Amino acid sequence: MKQYKRVFFPGRFQPFHNGHLHAIKYILTKSKEVIVGVMAAQYNFTLQDPFTAGERIQMIHDSLKNLNINVYIVPLNNIPNNSLWIEYLKNYLPSFEVVFTNNAFVKLLCEKSSVKVEPIPFKQRERLNGEKIRELMVKQGNWEKLLPSEAVKIIKQVNGVKRLKTLYAVGAAELSKVKLNT
Amino acid sequence: MKQYKRVFFPGRFQPFHNGHLHAIKYILTKSKEVIVGVMAAQYNFTLQDPFTAGERIQMIHDSLKNLNINVYIVPLNNIPNNSLWIEYLKNYLPSFEVVFTNNAFVKLLCEKSSVKVEPIPFKQRERLNGEKIRELMVKQGNWEKLLPSEAVKIIKQVNGVKRLKTLYAVGAAELSKVKLNT
Amino acid sequence: MKQYKRVFFPGRFQPFHNGHLHAIKYILTKSKEVIVGVMAAQYNFTLQDPFTAGERIQMIHDSLKNLNINVYIVPLNNIPNNSLWIEYLKNYLPSFEVVFTNNAFVKLLCEKSSVKVEPIPFKQRERLNGEKIRELMVKQGNWEKLLPSEAVKIIKQVNGVKRLKTLYAVGAAELSKVKLNT
Amino acid sequence: MKQYKRVFFPGRFQPFHNGHLHAIKYILTKSKEVIVGVMAAQYNFTLQDPFTAGERIQMIHDSLKNLNINVYIVPLNNIPNNSLWIEYLKNYLPSFEVVFTNNAFVKLLCEKSSVKVEPIPFKQRERLNGEKIRELMVKQGNWEKLLPSEAVKIIKQVNGVKRLKTLYAVGAAELSKVKLNT
Amino acid sequence: MKQYKRVFFPGRFQPFHNGHLHAIKYILTKSKEVIVGVMAAQYNFTLQDPFTAGERIQMIHDSLKNLNINVYIVPLNNIPNNSLWIEYLKNYLPSFEVVFTNNAFVKLLCEKSSVKVEPIPFKQRERLNGEKIRELMVKQGNWEKLLPSEAVKIIKQVNGVKRLKTLYAVGAAELSKVKLNT
Amino acid sequence: MKQYKRVFFPGRFQPFHNGHLHAIKYILTKSKEVIVGVMAAQYNFTLQDPFTAGERIQMIHDSLKNLNINVYIVPLNNIPNNSLWIEYLKNYLPSFEVVFTNNAFVKLLCEKSSVKVEPIPFKQRERLNGEKIRELMVKQGNWEKLLPSEAVKIIKQVNGVKRLKTLYAVGAAELSKVKLNT
């Protein structure tokens, strides 16, 4: 793999965990700079997207410490037109040479827009997985060791575990729309 | 509980039933005025949201009769950003002191925005429940006695039972997007 | 003119003044009920639309006092597709028989949608005019006597004169978009 | 059935198949002109809506060959307010006398807007069905004979079968929102 | 200039006039097929955009008569993000090789998206100009001879001259937002 | 003035100039961290907003060099509801204590949301002004010395001067909507 000048790494980061941190460190061995895209930025307080874009930016920023100087952290709203996705992102991002992702769908959309893709070596994919970590948080499991300590700190500051438990208790299927007492 | 000047009571009111009427009467013993928020106002003709905002406003208005002078009825669209919800509502509403709700999710969002919440005593929650009443309407059950007679009258005027039966026959999962002959 | 059951009266009510109050009283001699549409509800803190929808609802509600029982006050967002306007409104409003307006543009759109229009007798149109009243507020003129005292009270509560002066000082042409220090 | 001047035929056309072609030919025996509405135009690269509006327009146009002169092909976005649907469409379409559809939900919405509906005789509905054809494409079945050869040609040009297989592999439930590596 | 297979010709067509017709005929000598983009499709009943997308499609379709078989007529909404414009359009259009336009702004946006542009020889640009023709319509000038007779016919059917006169009387500056009696 | 932990500095940065750089350096003497908000992020290729959000992020990032570690650069779309603006921003931003701005309108909106404001000492406000600099660019003036050299470099990379000249030639009043050959 050649050395890049600037690349793009998209994710939802709900929450930002050690697998994400590991991926960013890996990418910074392949590229001078990396743009971290905080996707689905407009969603929050749902079981699948519990944290606001601002909270996620903070988690990523603090976890990166001295790496920040080569990292851009950019919140990006999702749009309904999938085929337009990559072109839409480009308007909000500094130019980049390649997208780092293992997601087959993202690869398909990049290919549609003639954007090159590179894979990321997984680290403990079974455990370092957003959905599983959110479940651990709801069920009082040992989630803290799976995240950078700075991300844990922010989740505690915003009372994130209580938030997730309430979202879970209300029922996952209903959370993307506010369904009130009927 | 102290006596309030003006409070907010949100709901979808699909349809407006005796439990809602009971709640408003209760709230009016605790507050001089109440703002009734007709939520998810932009949705209609779906199995979960069969009635238009206008039809719901009419049901509530007519059922309240002489109480209207102390009641505001305001349609409010849902937005995708949950965390912004309370602040969004405030722009469309006269100022209020507290939200009356039993919904844990609404409570969570109010807390996020530092808005006080009060509970409502349930009345026959098992029967006075929007989803159950819509089912009764589809299955020719005895739904009429669960609603104020004024709300029943409006449902009949707009041919609401036939509407619900069609929505049910087409299939609940498909109704939020118009899925046509493919 | 025949007697109506329910009619629609749209306006921006920036602010609600004695001409509006006079119009509603007139309309209530022609119709049992009237729906007051608070148009351009999503705009506020601009020179042309200084007050929020909630503040305007409050001004109208308080000024009407005992008339409220026959009046619906409904905030309505503007949409870009003019031709769709009347049909869009109908979804948020109880059914109505006729629109009361003197505006030629509204008449044109009603005609397009086959909705009947009735005129309103003007009362001191030269003075009772939203734009002139906003100017008086900015220039410390005697605006208070042109509004119902209840509307004056709300404008004072929200510090409305100071708000208008700031909006005016920043420059009218720039206010619909937030233009910051460049 | 009387002879019409211009009628509307809505569908998603994911993809355009022989049943659609048969329907259009049938409708052209009942009406001088037909407007083919390419619905849900803003969606693409999802399991349920794999092809872009442009690709669908091309499939329909090429399959119609010399019929084009009496056919309008118009892409139309879906909107959340179902009750407003027919009125919304009218703004983007030449005037029409009737809607041709077998869909009970579309019939309900047409009735709400006082628009007349006519049925279409089904041709091999069991096999000529968008969902089944998409399944055949994913599972290497014999889908090609179910489509006009011109539509097959376009699907091959855009690498449509590979696209559908990827969308299927990623998982149907996730495709309407871009869900990335978490 | 080489011979093209399919090209794109965007315009607002408010109204469709002989200059547009002449341009399409010219383009059809350079390309087998042409996509006519009806831009700003969501606007109507304004002084600058008086006709609906449907009315404009009808004018173009009828004026082209036997040319239709090689012409696609597609309504396209405007979007706020200029830089994304060309990529947005591509999702709603069959693939095309080049854009025919004389507009410097469109050329700039095409260049940004690496799309080729070709000029169109003007025909009586001084007179065949949408803005001038709309003025003639308002001021009872001889506008009819500047349009294909089929377009004139449709404007008369929808009472277009009266519509334009009302839009003009209400005031150009106010028409993109519905400004009501204040 | 006390020492802050994290503050917010909004601007359009069209383009990023020495006055902005000076302001950020000043703010970093007052606060450990600063969030730079790239406002009106969805606009570009207009006379007033010529550069994309991505281009502006790049200009700011490169100009800050070793300061980046304490700076967040976040693109933010404008919304029509002014009164909701501050609350909307909070969802996309790490928490902050105060807004640095000299703009009276921003101050008004902060006050409405109970957010504290601090002023910024102006540096050569007469010359270091976005509108004046854009004019210099169009008129071949000496604009380069008014910007950090890194920002100049990016403007040259994207051919920014030619872009601005085209936007200027087409006419400022027309640029927010794509107005094509009519």
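As written, the chain order gives the labels A, B, C, D, E and F, with residue 1 at the start of each chain.
One rule holds for everything that comes next: contacts are C-beta pairs under 8 Å (C-beta built on N, C-alpha and C of every residue); 3 or more make two chains touch, one makes a residue touch a chain.
If you're wondering where the values come from, they're calculated on a predicted model, not measured in any experiment.
Contact with chain A and chain F alike is made by B, E.
Where chain B touches chain D, the two copies mostly use different residue numbers: shared numbers make up under half of all numbers in play. Each chain gets a centre from the mean of its Cα atoms; for chain A and chain C, those two points are 45 Å apart.
Shared contact sites, meaning residues of chain E that touch two or more other chains, fall at 42, 44, 52, 81, 83, 91.
Working note: touching chain pairs come out as A-B, A-D, A-E, A-F, B-C, B-D, B-F, C-D, C-E, C-F, D-E, E-F. Here chain C touches chain B in the complex through residues 41-42, 44, 52-55, 57-58, 61, 66, 68-69, 72-75, 77, 90-95, going by the rule given at the top. Within the complex formed with chain C, the residues of chain D that make contact are 81, 83-84, 87-88, 91. Note for the complex: chain E touches chain C at residues 42-46, 52, 163, 166-167, 169-170, 174-182. Those residues of chain D whose C-beta lies close enough to touch chain B in the complex are 10-14, 39-40, 78, 80-83, 85, 101-109, 112, 120, 129-131.
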